[in-house]
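Have a look at these structures, which come just after this line.
Consider the two complexes below, in which subunit A is the common component and subunit B and subunit C are the respective partners.
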Partner chain A sequence: MEQIAQQLMNGLITGSAYALMALGLALIYGIMHVANFALGAIYMIGAFLMYYFVRWVGGGSYLLGLPLVMVVMACVGALTERYAFRLVRSAPHATGFIVALGLYMILEGGSCVLFGHDWREIASPYNDVILNFGPVIVTLQRLLIFVVCVLLAVCVYVFIMKTLTGKMIRATSQNHDAASLVGISVSRMSLYTFGLGSGLAAAAGAMIAPTFMVGPAMGLEPVTKAFVVIILGGMGSVRGAIIGGFALGMVESLGAAFVTSMYKDAFAFGILIIVLVFKPTGLFRR
Partner chain B sequence: MATRFTSGKFWAYMGLLAVLAALPWTLKGNYYIYLAIMVGIYVILVTSLNLVIGYTGQISLAHGAFYGIGAYTCSILQVRDVLTFWPALLVAVIFTGVLGALVGLPMLRARGPYFAIGTMCLSIITALVLLNWQGLTGGTSLGGIPGPGQPTIAGVKIDFYSNKVYYYLVLIVAIFTILAVHRIVHSRVGRAFMAIREEEELAEAIGVNPMRYKVLSFSMGALIAALAGGLYSGYMGAIDPEIASVGMSFNLLVMVLVGGAGTISGAVVGTILLWMLPEVLQAAEEYKPLIFGLILLVIIIFMPRGIMGKVRAIHPRIAEWIP
Partner chain C sequence: MKRVRFAAMGIVGALLLLYGGGSPALAADTVHIGFVGPLTGGAAFLGVDALKGVKLAVDEINEAGGITVGGKKYTLSVEQYDDEATPAKAVAGLRKLKDRFDIPVVIADVSGSSMALTEINERLGILWCGFARHPMITQRGNKLALRYEGTVKTDTDLAAMGAVELLKAKTYAILCDTGDWGRGLQENFAKAMEERGVKLLGTEWFDMRKDSDFRVQITKIKALNPDTVKIVAYDEASGQIVKQCREMGITVPLVMTTGFQTRGVEIAGAENIEGCINIIGPANFSPLPEAITNYRSNFEKKYNQKSASYGENNYELVYAIARGMEKSGSVSDAHKIKEGMMAAVPVEKEHRTAWLQKWTENGDGVLWRDVGFYKNGELVDRSGNLPSPPE
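Let's turn to the complex of A and B:
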């Protein structure tokens, strides 16, 4: 029983990062129908920026680095939209996916050259603070991951649902032509969405990084899992992405504890393949 | 036949063949013959992936997995003394082809990004299984693969340990692969593939069963990938799970798209270009993904049909000479 509670807690924490990443992917897919694989690299670079921030400024200001990392990576994401994805907007959907793959290879390859292959650690001061909630033990850093990710997800949800810009983004994702007709700039909405999605992915990377190691190869697995989440949760569905992210986190940590830890990373992909076999268009088609 | 021997095109191809046959004698040092052999193996791989991506329009990221499964099947059968190289290669090819059909049957129901990401997950799982099933695969690396060895055929000893001899083996297989794929895409089956690529619903409306042809294409791709995998394992003598990784599938995809998806020459040009460029630039191994990504991005934005797609579009005469 205690172990189940502990594993559920772990699942919630990793799940919150998946949810954030999936949210970014889902927003971008919703508006431009691009499966933006490059978010994996954005996540990784977000973690690297945090690493250098902590090294230069000091671990005490760890949380101050987060908005900085998010803003920088949101700008990078907006740049990828402006100078890559926008150029192929009228091409078939597959082209967008290939552009995203190319960007991923450039960003990951560039990071290998720039930062080297070594795995590093981020010395977050919150790693050493251990909290006890009855039988469940959690470090402050891991609790922070959960709190920050949930806060960000809630903020984005409210932004998309309640604000004018959010409504404009939703209108654009429903129909480009109709949105243009009522005076919404599709290009600008697309720019915002890529920026927002990239900022979220970078935040996930920067928050998760202190509990793992930081290295150029760290982005592939989370972005693939986030894809699994949005395919399960319905491509482009904001709510599906958030719920699916948490669900995947739970399944993984329970599976690792009670089935096999060797194939922990294969669960998500196995689930996806099984789902595609029975529902080739995902569980919740919009 | 008379027309064939008088056509300029025929002699141009014969000239090309002569150049390829003379190649190992002009290359200085084993490293360049090694490169030529690797390019040959990749031409086989990329040509087969072109069948799936370029002609049938299914963006598969599982090709590296089939390459790896082929290499491992062929090698394990030899290392365990079950079979010698050639029968093991045959078993590996058939096994992987059947596996391709079995995997393709459910996976090909998914389309577009769903299929791409589904096949990517297959690659990840394959690499994980190859790494973790140590009893079967030897974990991080499998060595001591005998390969084709030094058989004596009709009193002549053929030394496959020699780089030059292995080069000719790979060259012959690559040429046969290209000819076979060329035949397939110019047949009724190939036209069905292309109809599915252009518009699946329309293809179905005119009586093409999309699932049947998609599975056929995917399975043929897997089968040829296994052939390349077997040749690779026989040449290297040792393999590791890295050959089945997602990165491998990415690289193959880049080669298909840069060369020109849906053109026979594109697969060859893309492979040669992306093998030679890091060599010419004297780039270290770690610059490779960066170079590949940059080329992919530039080509896909400015030449969506790839280099040979562009070249062939210049003049119909060129398209007639270069397939």
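Let's turn to the complex of A and C:
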């Protein structure tokens, strides 16, 4: 019983990281119909920015660094939209994916040159605070991952569903031409969405990194899992990305805990195949 | 259209100059040594440090006038290939290095890649060297393999002895990387513990190249309540696993591997590894051998960063290759170079950073090793003292 409770907590926290990353990916896919693989690099650079922020300002200011990292990486994401993805907006989908892949490699390679290959630790003070909820043990840092993820997801959901800009983004994602006809600037909506998606990915990187380490290769695994989540949840679905992320985290944790840890990734891809067999458009159709 | 054509011609011309101009394979006075290892990706910390150790040795040898083989002077040159710790890429890399530079020797240190390389190196006439630990590398009858380390069996026997004598363990669990090195270590450690009557309660797996959160596996192991846990991972990953184990409430002393080095100790924290056991090597001696002190100082001067242990091993290996070529009288015949290397070790004291004493018949290295435990962050011998160099 104790083990089940602990594994559920493990799954919830893993899932929250997946959900945050997948949310960014889903938003961008909704607008551009491009699976932006470069978000893995954005995630990684966000973590590096947080590392340097904490080094310069001190561990006590860790949480203050989060909005800064998000804003900076949102600008970087917007730049990628303006100077890379916008140029291929009218091209076939595969072109956009290739651009994303190329961008990922450039950013990862550039990070190796700029930051080096060594793995580094972020000295977050919340990592050393261990909380006990009955039989369940969790560090404050990991609890913060869950709290921040839920907060950001709620904020993004409210923004997309309730605000005028959010409605414009949704309109653009449904039909670019129709949106243009009613006076919505597709380019501007695209810019905002890329910025928002990149900010979310950077937040995920900055929150996760203190629980392990920061290195140029850290972005590949999360973005791959985020892909699985958005396919599982329904391409472009915000709700699907959030619920899919948590679902994937739970399936992975519980599968590894009660079946075998040797093929942990197989559970993620296995559940994807099962869902797609019965619901090819994903759990939540856009 | 004209502009596009000129641009294309310019690119082709640049590529020709870069890759085709003055092919190094034609130079009569340069010996090319291949290096195949992870220079990017999750295992890059190992490959980059290992390569830097190779380059440091090569530069030193060249600055001292190179090597003299058969009355002729040669300089050494390192030709590197990034295999991202992927066996398929390692094989492709070896073929490319052979085609372009006609390398007689390749250094490769990751077990998975080395297992793949040693399937084809004999056919290509290339001597494989490196500190990859998987026993099968040298146990398949490969006549062109020299391991600059013992197999994992040496370490697992010592570790099992430590677990029984020092930790008095009656039960244990293993938390292990899924790569070839990890599996080799897990198999041999399980065998060694079984021989000593210690019961295995469970084995949990992870991929240290991708995974960063080991709490699922640690939670399972905690529920088994073992007397000790064997952690099989490289440096940084080991350090993180130790931290996460302590955080999740596993308080028993742990059995570490030679993959757990200075960086891992920093990450784990001295208080979290108190009483844990590990294998002692020359890098743990007090006082530190002069060769190792000089290596670390020169490494720091050249690369402006601290060295890890991977380059230390390869540094001595390059000197063994150089002396082997001089002794054998050949810079191209892999079989002769191998014979020369076997006769040339141990290398001169001032370059002895790994302390290889000799090779066995099948190409496994014999190095000085013992088991010890951590005391105030330092690895001490069985009696609790800092280990000193043997007479």
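Here, the second predicted complex is superposed on the first by the 266 of 286 C-alpha atoms of A that agree within 3 Å, B and C clash if a C-alpha of one lies under 4 Å from a C-alpha of the other, contacts with A are read in each partner's own complex, and residues count from 1 in each chain.
Everything below uses one rule, namely that a contact is a pair of C-beta atoms (placed from the backbone, for glycine too) under 8 Å apart; a residue touches a chain by one contact, two chains touch by 3 or more.
The structure presented is a predicted model; accordingly, all values stated were derived computationally and were not measured.
Trainee: One more residue to check, A:109. First (subunit B), second (subunit C), both or neither?
Mentor: both
Trainee: Taking the superposition on A as described, I'd like to know which of subunit B and subunit C A:131 touches: first, second, both or neither.
Mentor: A:131 contacts neither subunit B nor subunit C.
Trainee: Thinking of the overlay built on chain A, is A:119 touched by subunit B (first), by subunit C (second), by both, or by neither?
Mentor: In the superposition, A:119 touches subunit C alone.
Trainee: Please indicate which partner A:57 is in contact with in the superposed arrangement: first for subunit B, second for subunit C, both, or neither.
Mentor: Touch status of A:57: no partner.
Trainee: Looking at the overlay, does A:161 come into contact with subunit B only (first), subunit C only (second), both, or neither?
Mentor: neither
Trainee: I'd like to know which partner A:71 touches here: subunit B for first, subunit C for second, both or neither.
Mentor: Touch status of A:71: no partner.
Trainee: Quick check for you: in the superposed arrangement, does A:283 touch first (subunit B), second (subunit C), both or neither?
Mentor: Neither partner.
Trainee: After superposing on the shared chain, does subunit C or subunit B touch more subunit A residues?
Mentor: B
Trainee: Looking at the overlay, does A:270 come into contact with subunit B only (first), subunit C only (second), both, or neither?
Mentor: In the superposition, A:270 contacts subunit B only.
Trainee: Which holds for A:7: it touches subunit B only (first), subunit C only (second), both, or neither?
Mentor: A:7 contacts subunit C only, not subunit B.
Trainee: Pick out the shared contact residues on subunit A: the ones touching subunit B in one complex and subunit C in the other.
Mentor: Overlap of subunit B and subunit C footprints on subunit A: residues 108-109, 112, 117, 220-221, 262.
Trainee: Provide the residue numbers of subunit C that touch subunit A in the complex, in ascending order.
Mentor: It comes out as residues 39-42, 44-45, 48, 178, 204-206, 209-213, 215-217, 219-220, 223, 236, 240, 247-249, 263, 267, 305.
Trainee: Going by the contact rule at the top, pick out the subunit A residues touching subunit C in the complex.
Mentor: Its residues touching subunit C are 2-3, 6-7, 10-11, 14, 108-109, 112, 116-119, 121, 130, 137, 139, 208, 211-213, 215-218, 220-221, 252-253, 256-257, 260-262, 264.
Trainee: Can you check the complex and tell me which residues of subunit A touch subunit B?
Mentor: Touching subunit B: residues 35, 84, 87-88, 91, 93-95, 97-99, 101-110, 112-113, 117, 220-221, 224, 227-228, 231, 235, 262-263, 265-266, 268-270, 272-273, 276-277, 280-282 of subunit A.
Trainee: List the residues on subunit B that touch subunit A in their complex, please.
Mentor: 59, 106-107, 109-114, 116-118, 120-122, 124-125, 128-129, 132, 246, 250, 253-254, 257, 286-294, 296-297, 300-301, 304
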